[in-house]
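Per-chain residue numbering starts at 1, and chain names A, B and C are given in the order in which the chains are listed.
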Amino acid sequence: MTLQTGADLRELRDRKPLVHQITNYVVMNETANATLALGALPVMAHAMQEVEEMASVAGALVLNIGTLSEHWIEAMLSAATAANEAGAPIVLDPVGAGATTLRTETAKRILDHAEIAVVRGNAAEIATLAGRAAEIRGVESIGVEGSAQELAQGAARALGTVAAVTGPIDHVSDGERVIAVSNGDELLSTVTGTGCMSTAVTGCFLAVRPDSPLEAAAEALVAFGVAGEDAAVGAPGPGTFHVQLYDALYNLDPETIDGRARSSEAARDSQ
Amino acid sequence: MTLQTGADLRELRDRKPLVHQITNYVVMNETANATLALGALPVMAHAMQEVEEMASVAGALVLNIGTLSEHWIEAMLSAATAANEAGAPIVLDPVGAGATTLRTETAKRILDHAEIAVVRGNAAEIATLAGRAAEIRGVESIGVEGSAQELAQGAARALGTVAAVTGPIDHVSDGERVIAVSNGDELLSTVTGTGCMSTAVTGCFLAVRPDSPLEAAAEALVAFGVAGEDAAVGAPGPGTFHVQLYDALYNLDPETIDGRARSSEAARDSQ
Amino acid sequence: MTLQTGADLRELRDRKPLVHQITNYVVMNETANATLALGALPVMAHAMQEVEEMASVAGALVLNIGTLSEHWIEAMLSAATAANEAGAPIVLDPVGAGATTLRTETAKRILDHAEIAVVRGNAAEIATLAGRAAEIRGVESIGVEGSAQELAQGAARALGTVAAVTGPIDHVSDGERVIAVSNGDELLSTVTGTGCMSTAVTGCFLAVRPDSPLEAAAEALVAFGVAGEDAAVGAPGPGTFHVQLYDALYNLDPETIDGRARSSEAARDSQ
């Protein structure tokens, strides 16, 4: 396996890439702060008049459909085109795909419209996009058919992107290889927007490794998971955990993070 | 009195109802996190193309007019119709009613348009909607005529809903009965959006007790108030208190909460 | 020098002025909470149908262009007119001016349209508006020509406002006098929206000293900087620092703050 989370984290902090995010109202502050705490520079911009200009100078583009409306969809499509033209990788977070037709269709529309490097979602969201049966309640995955490993691999093939399926164990696949990451903590599911934060962190690593989206996505989940583990220490509940998550992202140690990674690669073409 | 906060909290955590919230930009993250910490599932969606679909599968709908614009008003009205048709109870938070004509008129428009189970606001907001004299500065109640108990009862009658008037002592009425709840802490007034959070928590309890809006609203204020008391322990200011509020909601104990409730019922038709 | 931060803070807490804010989605909760923690009353409202009404009763108006769209620009212009007519001072935060044409042009349009008391931004933002060479990455100032002191003075002259240029050392100028403020902590740059918060705090002080925008802006930066110093004590990273910043604003002591101010006045017409 080729994960080099520590080295890429060091480079990220040296280069401080600009990560342009068009994301939902609920988590804007949180994903901006996670980006900043990790060591990159976030910028949030959604007006049609400026998204192309911003996306074209960014190191990566994060698209998150958590609170859609028509103007925002148009802005995401324009920004995606500009990012593709500039060679900046895009990560898509299909928040709530499967919960409403608008969300499912919009996620598909973005995938059809532009080259997306990574799609990061929960099992139900990713399964929905891959045309599989899934149950979602609001934005929470309730259940899907098949194993998470097989889902990640199949979705990557169906969508032509890297698929990062997060859950108790995360699975990242490019359609051939599948990397499992089991870092993290249960408290992550008690704070809204932690999935969105992991997508933003994926954008940060993509900015550093634009040509290796599989590794970038897996490293992001290692880094975010390790931060989650650190944040859980002594946290009596989601409030304190949430605060300590930013402290932990800020204090992630490139020297030790590779030794703390709980990642493994499944056999190729295991299905 | 028929409050059973502990039992309903236990059921809420077992069932994890979906609580659809169309709320203001300032507090979206906060009300989602309060909902999640308590044990329910929040979902935020406001696009006309999806609000009916989302509201029709939710256990309750929360409408909050804190940062209005035209599209959002239309979305609230559509979601309210869908929630009514699906039998999902609605709680309305008339943030800033009385401060501007738009807010006052929009709150009234929602009340006229749909069946609202509970209106939760401060004294000035509720008084404004009930056609009484009130003074509000921004979104802060400065003063109203009459006692809070009488205001709650009169407003419930005038509006045909349960009225939950929060303040140093909360008063909840269905027009006949009035329940006073004196749980809480002064620090709640130093954090923006704690009123909005109490409305979201009201939505959570309504999802569990849709046929008893008076009890649901009172139990929500007991639960939120007890959490506020726990959050205040050792908090040197609003930042720490805010964080500890999520911890406290998460750690609310169904076994002990009824013993901690400071609620009492006023004589019926006391006016 | 005529700074009287302690006395003005005391007056602010006595009077609790209403500070109307039309600001970006990323920091709405944060600037509202900073305003409330300091002791003033925030209100967020952006709908065309209510901004004039709200601005006309406010003690100050805060305009922040961090996440623009067309309706919001129109609302800012209307609110600015209403604030001018009501005699309420306006502070403008030109977030990201220089990063996109939309932001640069919108900031200039607001400056042309209304009488702005204070422009508060980082060096690149202020330099862009003053027609000077500047480099900005997203919303982070990378570099500008000349000294910060000279930039503040020149920008104030060019723009006809008080210019507050924040950075490791802040410089505030009315075009003649230049006040340097070196309170603060490095952790402020690790949390998104701390610049926006300092603008909101500037609005609070402007509401108390509407006729002395130079002093109001400098006092705001002293107060915010001292709070930043207090918040940094024992903070292992940006999460805890952010929380403690609200505690610190809440606990700012009018008795001791003037003794803690690290401010000095440069010679007039030093350029």
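By definition in this document, a residue touches a chain if its C-beta (ideal position, glycine included) is under 8 Å from a C-beta of that chain, and two chains touch if they have at least 3 such contacts.
Since the structure is predicted, the reported quantities are computational estimates derived from the model, not experimental observations.
Where chain A touches chain B, under half of the residue numbers in use are shared by the two copies, so each contributes mostly different positions. The angle of the rotation carrying chain B onto chain C, fitted on C-alpha atoms and rounded to the nearest 5, is 120°.
Mean C-alpha positions place chain A and chain B at a centre distance of 33 Å. Multi-chain contact residues of chain A (touching two or more other chains): 25, 29, 242-243.
Within the complex, the chain B residues that touch chain A are 16, 18, 20, 25, 28-29, 32-33, 36-37, 41-47, 49-50, 53-54, 57-58, 71, 242-251. The residues of chain A lying in touch with chain B in their complex are 24-27, 29-30, 66-70, 96, 99-103, 137-140, 190-193, 235-240, 242-243.
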